[in-house]
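Labels run A, B, C and D following the written order; every chain starts at residue 1.
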Amino acid sequence: MLPVNLYSDNVAPAAPEIMAALARVDVGPAQPYGQDPESKALKAALSDLFGTEVWVFPVSTGTAANAIGLSAMTPPFGAIYCSETAHIETSECGAAELFTGGAKLQLVRARSGKMDVDALDEAIRKAGKGLAHRAQPATVNLTIATERGTVYPLKDLERIAEVTKRHGLRFHMDGARMANALAALGASAADVTTRIGVDVLSFGATKNGALNAEAIVAFRKDIAEELRYRVRRAGQVWSKMRYASAQLRAYVEGGLWLRLATQANAAGKRLSQGLVQVPDVRMLEPVEINQLFVEMPERVIAGLESDGIGLGRRDGGVRMVTAWCSTNAEIDHVVARAKVHGARAAA
Amino acid sequence: MLPVNLYSDNVAPAAPEIMAALARVDVGPAQPYGQDPESKALKAALSDLFGTEVWVFPVSTGTAANAIGLSAMTPPFGAIYCSETAHIETSECGAAELFTGGAKLQLVRARSGKMDVDALDEAIRKAGKGLAHRAQPATVNLTIATERGTVYPLKDLERIAEVTKRHGLRFHMDGARMANALAALGASAADVTTRIGVDVLSFGATKNGALNAEAIVAFRKDIAEELRYRVRRAGQVWSKMRYASAQLRAYVEGGLWLRLATQANAAGKRLSQGLVQVPDVRMLEPVEINQLFVEMPERVIAGLESDGIGLGRRDGGVRMVTAWCSTNAEIDHVVARAKVHGARAAA
Amino acid sequence: MLPVNLYSDNVAPAAPEIMAALARVDVGPAQPYGQDPESKALKAALSDLFGTEVWVFPVSTGTAANAIGLSAMTPPFGAIYCSETAHIETSECGAAELFTGGAKLQLVRARSGKMDVDALDEAIRKAGKGLAHRAQPATVNLTIATERGTVYPLKDLERIAEVTKRHGLRFHMDGARMANALAALGASAADVTTRIGVDVLSFGATKNGALNAEAIVAFRKDIAEELRYRVRRAGQVWSKMRYASAQLRAYVEGGLWLRLATQANAAGKRLSQGLVQVPDVRMLEPVEINQLFVEMPERVIAGLESDGIGLGRRDGGVRMVTAWCSTNAEIDHVVARAKVHGARAAA
Amino acid sequence: MLPVNLYSDNVAPAAPEIMAALARVDVGPAQPYGQDPESKALKAALSDLFGTEVWVFPVSTGTAANAIGLSAMTPPFGAIYCSETAHIETSECGAAELFTGGAKLQLVRARSGKMDVDALDEAIRKAGKGLAHRAQPATVNLTIATERGTVYPLKDLERIAEVTKRHGLRFHMDGARMANALAALGASAADVTTRIGVDVLSFGATKNGALNAEAIVAFRKDIAEELRYRVRRAGQVWSKMRYASAQLRAYVEGGLWLRLATQANAAGKRLSQGLVQVPDVRMLEPVEINQLFVEMPERVIAGLESDGIGLGRRDGGVRMVTAWCSTNAEIDHVVARAKVHGARAAA
């Protein structure tokens, strides 16, 4: 068995279907900057998927997708409402501030990573709309599969959409692990976007089997028109776009993305169910996708590390993330080793 | 024969060695964000190549490389001196302005794409250093293989470096077609960077056989330290960095990049030599690499287009760019067709 | 009696000494942009005041002073630590974000407007210094006379300075009501700046008798050098600078600023002592300067408003601010009217 | 006689009417941030002047007026067309780039400071509208009384307005010396703005008798709405706004501004007519307002300087600027001294 690495789902290699897609388009000349047939086919494929015309901008990272997307929805004097644990707040080194020209992130109280809808509503109401000394409410950002390993139920998404639209704001969804969320919810891509009024989506693929491509998906033509220029000046328009488009097209073709996510989620569940049998080990958050936050004795953590098993130490615990390629054997191995270390710890 | 496309060198597919490198690293888990062995090996390989320790930041496009690199060398109130035909001025939709926070590009008179050294010196001298109402001279940007298909001779590079350093500015090199320049000059990578005091280089690969990766190469540790954060907030740190690092490593390994560029340059020369035999066809610029600016009768242009041959219409002519994979058969086909159309035109 | 307006201290007119200073310099020609004798005298006067050479940049507002000052201390990828009630966070429409190029404000828990020193220390320690995905700790911002009407004791300032310097951050002080703070503390200007290592100060004057000038005071030459350009491109270098410099010079000459602040503070105390005698009226914060946050029955608030007395409704109460020109008669009138309305309310 | 200073018109003091206006409003409390009666009267006065409702934002400098005004008309990926000698290009240290978030200034060939209309038209036509790699044409900026001391004739203004609107761009006018231009043209304020479709005007006052206030005048409500926030976050909303509004109101009341400018222009003409009688002295540009560019022998320049007469050395000559308060005696003194020095020079 290869070393097991649960540090993140982005430690995994690319899925075979993604690699095959690269090979498929690696033939002869193709017009650059998205004027190639593969990129056009991608737009058609995603428009089908979302049940409406969408505009697709492949980019290299989720941070780029988030920050550039937000910049086309939020004026420099605007405020973006997001969870206090949102990736755009904690993990992007101020990318949203850079690309928007200095908009403000306004943090909304969250539980298990999910924004409190009432707190969101109140925050917008008290934001001072129309008062020149206050950043103006502009956008709501939400990570559908949250940074704490949970998923917004459809009902919550609908309520947040309602609050967003009632106040005249725009709705931005961070879909870094969107496939995992859909697999968990049993919902379609359209259910969580088109039907509730998402304006721009960061469409994640890299954490779930792609090699190095994500996409900004715009549901509004006016935003898409502005994005053309914003993506370009962000240095995010690949000349050989076909290699990004091919990854993304293969990713959704025949439901590959959902199959990969289902596997990752199942591995997460199996891991969670195994680990909680170890004395003094417990889940810090509900395990709804492939991301676990686990409290475990230091002896167990150190033991797993000395076994060469990759994991991420966080404040008060560890994060473990399974991937599209996690096997039962790997998961069972980790659980078995945790039991060994746990037994020693308890002894 | 596949359709011949000379619209740009970025219409070409990836070189087989680059594709093989992707497959090579597509195995098992690897730490994300450049903490993987392949990325470390890339740093070692490029440090060897340049004959000094360098810091390498793979990014997705040349625009990103240029603009982010410049942002770590130029304060928001700074001025960047560049040729009036520089890519950062004409073709990046204001990326340098975005990432620097509003620095000013100051255009220097150029001939065949090459900055006039005396004009550069004079522009800096008259810039108003120390006067608060003037953007402050900060950086010189130079594209070694220019946007007009020419290459700076070593002597010119040395003179520009001397002017740059004498005024206390920093030196930024756009190496989008660096391999083509080195092949033309018969110079080493160190000759045109380390030895003359380049501070930051945009290291191009995509136009010359890579799939979708370029790199910022920093020659100074203080700039590199700042780049860590600037690249991240630009959304340009791939999580699965190994796939970019592998491309770049394979690109330089065993001199692949120079072999590919030599082939592209040779094809450019062959094309040029063939075309000038067509009546009323002439080169608008010296052909020193793989990029031709050609004056030809409209009948010839339209004829080639109707043959399905890709080319780029520009003000007063066409641009034709050969690539690493251009074959003699393709070039000869284009020349033959041009002759056919030219004969009709002349008739 | 003129209508009494306690909406803010900036509703007050200019002090006679300030108006006289304008007239004094309104004679004949003077070099522009701060090259005039009055501006040079201002630098000397403030250097005397702070007991060290300082560099002075008059600007038109406190928001400009804060945001431009911070921009010369904080890289775009930096984090600024401030109280959750800081003016730069709540009341400047994102000015700090604009001028820094997108730095992040990190809010520190505060009580009565004063940052908790331990919370500040912990926030910096946990900020992820050196991690590329985190905004990098750069600057601490503190409003010496807080937005809640309190003043940091010298001991707290020293502790915050110690935390700031220990972590290698820069120290920015918002002195919008600095004179009121000094009057309350019985401290000198140097005590709260030079002696504890403040790097840049927003030196407020408008709220305390000036007409329309504030100043950025830099205590470090390197920061001052950068400010020259940043202030200019911010559009904050008056051509007829003498009129701003004259205001600021008169403001500190002979201790005028402290006399004015002492009067405003005394009026605040008198108002507070009077109001708490009204049934159901209480101070929401300690009254340490000229700014009161008062809980009072709606009947009393509405009554005062119908009397034409200016005040500011805030969440759960009213803000009342006395000024350099508040008279005992005015204060007593307000208290008397509150008692009348309070008696009705209680009845 | 006081020392004569022709270094710039901003070396002059404030006009007595402006000083009187300050005293007039320096009474009792007034709501801050433009909610005072004087600021409301200013809006009415300027709406009268321009013959349409306008929105007025007093700011502290012309640089602020220009850059913030442009930022509400130009997206970050936009291009601003201006004369190659435009103040926003040469003298504002990148303010337009800062406030727009990195828009590009595109320089248009000019003669005697006036943009060539055909060159403007061609530049916009060739700008690559709709091409993602090009900054998108957004705004035309024009200084009505140019940086070279000339004034656009009405016919030229109309042609530039026509080009601007035909291409769908917005029209920004820098009116730093607008009064001087109107006095020279014999035109009304509406003639050069409302009637030709100016969208935003930088309304200058400081160079022509005001103390320290300029204004952004918006002719469109949508732009004005955005300006409210942009001006605030620029740190350009004075709390004691009445002192700025009073200056601006007095400035236009009863035509004061035109009287002052007429006097400055007449002084400029007298100076010009006198100087050209000196051997080897000639005007480098037509003298149409109060600003002269003069070629004179070094002996004459040095002689005037040694007389204590202020002037501005420029490349190849000197700039001399008369002001609202320039007297015939002063002008005649300068001419007489030039003749003395010129006689020596010729001898």
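Methods note: a residue touches a chain if its C-beta (ideal position, glycine included) is under 8 Å from a C-beta of that chain, and two chains touch if they have at least 3 such contacts.
Since the structure is predicted, the reported quantities are computational estimates derived from the model, not experimental observations.
Trainee: Which chains contact both chain A and chain D?
Mentor: B, C
Trainee: Using the contact definition given at the top, which chains are in touch with both chain C and chain D?
Mentor: A chain counts here if it touches both chain C and chain D, which gives A, B.
Trainee: Tell me which chain's centre, taken as the mean of its C-alpha atoms, is farthest from chain D.
Mentor: Greatest centre separation from chain D goes to chain A.
Trainee: Contact counts by the stated rule: is the higher one at A-B or A-C?
Mentor: Ranking A-B and A-C by C-beta contacts puts A-B first.
Trainee: Between chain B and chain C, what distance separates the C-alpha centroids? Give it in angstrom.
Mentor: The separation of the two C-alpha centroids amounts to 51 Å.
Trainee: Taking the mean of the CA coordinates per chain, how far is chain A from chain C in Å?
Mentor: The separation of the two C-alpha centroids amounts to 42 Å.
Trainee: Can you give the whole-Å distance between the Cα centres of chain A and chain B?
Mentor: Going by mean C-alpha positions, chain A sits 33 Å from chain B.
Trainee: By residue number and range, which residues of chain D touch two or more other chains?
Mentor: 76-77, 92-94, 98, 101-102, 132-133, 136, 229, 232-233, 237 - these are the residues of chain D that touch more than one other chain.
Trainee: Under the touch definition given earlier, write down the residues of chain A that touch chain D in their complex.
Mentor: Interface residues on chain A, with respect to chain D: 33, 75-77, 101-102, 132-133, 136, 226, 228-233, 237.
Trainee: Give the list of chain B residues in touch with chain A in this complex.
Mentor: Answer in residue numbers: 2-5, 7-8, 10-14, 19, 22-23, 25-32, 59-68, 92-95, 98-99, 206-207, 211-212, 229, 232-240, 243-244, 310.
Trainee: Could you pull out which chain D residues touch chain B in their complex?
Mentor: Residues 76-77, 90-94, 97-98, 100-105, 126, 132-136, 315.
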